[in-house]
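Heads up: the structure comes next, in structure tokens.
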Amino acid sequence: MEKPELIKDGKRLDGRGPKDIRPLRIEAGILKEAEGSALVEWGGNKVLAGVYGPRECIPRHLSDPYKARLKVRYTMAPFCSPGEHSRSGPNRRSIEISKVIREAFEPVVMTHLFPRSQIEVYIEVLQAEGGTRVAALTAAAVALADAGIPMKDMVSAIAVGKLDGQVVTDLGKDEDNYGESDVPMAITHRNKEIVLLQMDGLLTKEELAQNLDDAIEGCGKVYEIQAAALRKTYENGERGKLKL
Amino acid sequence: MGEETKTKILREVRKDFLQELLNKGKRFDERGANDWRPVEVQKGAISSAEGSALAEIGGTKVVAAVKFGIMSPFPDRPNDGVFMTGAEFVPFASPGFETGPPGENAIEFARVIDRGIRSSEIIDVSKFFIEEGKVMALFLDLWVLDYCGNLMDTGSLAACAALLDAKVPKIEDGEIVRGEYTGGLDMKYKPLTTSFIKVGNHFLMDPSRDEEYAKDMTLTVGSVEGKVASIQKSGNAGLGRDKVLELVDIAFEKSDELSKYL
Amino acid sequence: MNIEKIIVPGELIWEQEMRVANTVVADGKTYATVVGMVRDDRFIPLELVYKAKAGDNVVGVVTDVRHAGYSVDLGLAQDGFISSKFTRVSFKQGDLIFGRIKFADEVGNVDITDAKRLPTGKLVDVPASKVPRIIGKRSSMLNVLRDGTGCSIFVGNNGYIWVGEKGNVQLSLKTIDFIVRKAHTQGLTDAVAKYLNENGGNVTVPPRDAPEGAMPPKEETAGENPLMHPAAETEKVQPEQPEVVEETKKTEEKLDIEEM
């Protein structure tokens, strides 16, 4: 496929400006069984996260006498892409993403309060459209809070990057593939500490600096939506209602 | 301790209590022996799939997604398209679900629902022939998101709704043109199932998770247009011949009720 | 309820350092670590993972029988333990028990004492953070629940609840669910009494009276919302313990709980 013109007259493929975030909808407590859960609908992404724990650490020999073991599993359903049906099960990409998401939560989840146990975060991407890992992380953070797992800070995520020479926020459909750079990031709310940072493509140092600033700004907006979702769960106390 | 052992213990804890209630003619919730819990179906829940639905029965939630692809046919059926059903018990759906490849329960779940659809012959796979060595494949995926009892009927409902929602993509020069469609699947029937559990001497339809802890046996009956399309008995106990026929009659009626949500 | 008052993890609670549970201090300010609310200078968690501590009442299921004692599922990362040395009752796998935590350490070991076998009943699992509301100030909510349904109910701080088979069991289950959903609201005890009466229950105990008699007026208003009262905090549930144990003894006389 020929590379589309990604920015024309200051507008992106879907009409957004460089700093505009795609429509983002977050709901917490949408599953009955999971101790904590969240749904993130971000542009064309639909991601569900569910949390269990602290509970028994299995296998026993991996349990830590001083803190809880954090387990994160990120997977993409075989029907999540508008293209081909893919094989189910973990692949190299999903294993790497599981690892970086887990590491993003290690500094904030207060694992030392629950020694010898494990806290499990399961993230399932049901529909994918650019920026699935940041949608997944954003969902996981809400699910952990929904489960009552104490965290020193709240984590929000967003992907920034560069399209046709222009620095942009929230890379969407086709933008992460055809753009010049893709920089997914996760940032804590009160400390503005970067807990996930990856990039591909080519950027000057100045462009990267701009990206970092844009991500901090963007994550601030994501945080407000995460917080609103958690507050809304108490509006009528109804849990386990899912609408995709 | 393992979830399986815990389940065995909770099973005993709930079983004698549930039997006491059943002897008085009550269930844990306020239903009769043959009442459905609240049902909801959301068609088109997943836009990346060519057909999809989220079905919920009493809290149990299953997403079914239909995707089309191109494959070489099975050697013994060179002119027929391929229809494959996969399933996943997503680990967050229940504290007892583990990560890893589908276990025996997930496989049974997929295969029983698959059989109900296949034996009704509602998908004409001969229509999927493209050219020699190339046929269209229909992938049906059943993703369990929340397990509150009676996965089988919820899964069938989701599968049926997704198939009804599905649009068949256009084929050009032996390739799929994504985003362009030739029409629906033209399903003749709506294959649905009704499941019963046996607790002591009582038979209960649409068991909740708590009730399933107490079960001795499950019978799932798939039906279309007053005919039996599939049967699966699982669990350790047995049941009599007359009972099977009695449950089949109830299943015809109950699946009919369920079809109104499609 | 005013949803703006709900605080999420990482959010500022106070502009000064307050060393209280479920918060973290940074740059001289105090932030929330869990979802919660501020009422009268207290931070009350709305979602919370249960931390076992001595003195808590628990309901559990015996999962393993060994020479040294019994393992008990309490819904925690590790099973609790009843030592054979300190019990004269012998339990078997699958028994439902009601007991008290004698000792709980930082690595998750929980020792249970005064364990009694519960007769056939239904085990309900609720979030541990909602348990104080189900018990209520001086067991006021629990009394309303028992009275309105005619059921024996034992509530464990660990979030397991046992409902006995006599009485209106389904109403008990529905009402417990109602309380859990409305846990953050005020005037809940009255709302529950009304709910019970509307659903076939029969509440005769006036909801606001504590078994002990009159309370000072200030506490009376606080009594309407157990979330505001110190006794409702998970970490200060001590004052209610004797109450619950007494109730236990009364109901025990009616039931045939095997002992010795």
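To keep things simple, chains are lettered A, B and C as they appear, and every chain counts its residues starting from 1.
Methods note: a contact is a pair of C-beta atoms (placed from the backbone, for glycine too) under 8 Å apart; a residue touches a chain by one contact, two chains touch by 3 or more.
Values in this document were obtained by computation on a predicted structure and should not be read as measured data.
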Practice task
Identify the chains adjacent to both chain A and chain C in the sense defined at the top.
Solution key: B
Problem - Chain pair showing more contacts of the two, B-C and A-B - result: A-B
Exercise for the section: Round to the nearest whole Å and give the separation of the Cα centres of chain A and chain C. Expected result: 35
Exercise for the section: Could you tell me the distance, in whole angstrom, between the mean C-alpha positions of chain B and chain C? Expected result: 38
Fill in the blank from the handout: Chain-centre distance (mean CA atoms) for chain A and chain B, in whole Å, is 31
Exercise for the section: Spell out, as numbers or ranges, the residues of chain B touching 2 or more other chains. Expected result: 1
Practice task
Name the residues of chain A that each touch 2 or more other chains.
Solution key: 55-56
Completion exercise
Where chain C touches two or more other chains at once, the residues are none
Handout entry: List of chain C residues in touch with chain A within their complex
Key = 1, 3-4, 6, 8-12, 22, 24, 26, 31, 33-35, 45-49, 51, 76-78, 106-108, 127, 129, 180-184
Practice task
Would you mind writing out the residues of chain A in touch with chain C in their complex?
Solution key: 36, 53-57, 65, 68, 110, 113-118, 145-154, 188-191, 223, 226-227, 230-232, 234-239
Fill in the blank from the handout: Listed in rising order, chain B residues that touch chain A in their complex are 1-2, 42, 45-49, 52, 54, 56, 59, 61, 63, 65-69, 86, 88, 90-95, 99, 101, 137, 139, 141, 143, 145-148, 178-179
Practice task
Under the touch definition given earlier, write down the residues of chain B that touch chain C in their complex.
Solution key: 1, 5-6, 9-10, 12-14, 16-17, 20-21, 26, 28-30, 210
Practice task
Flag every residue of chain C that touches chain B in the complex, lowest number first.
Solution key: 61-64, 71, 73, 79, 93-94, 96, 120-123, 165, 169-170, 173
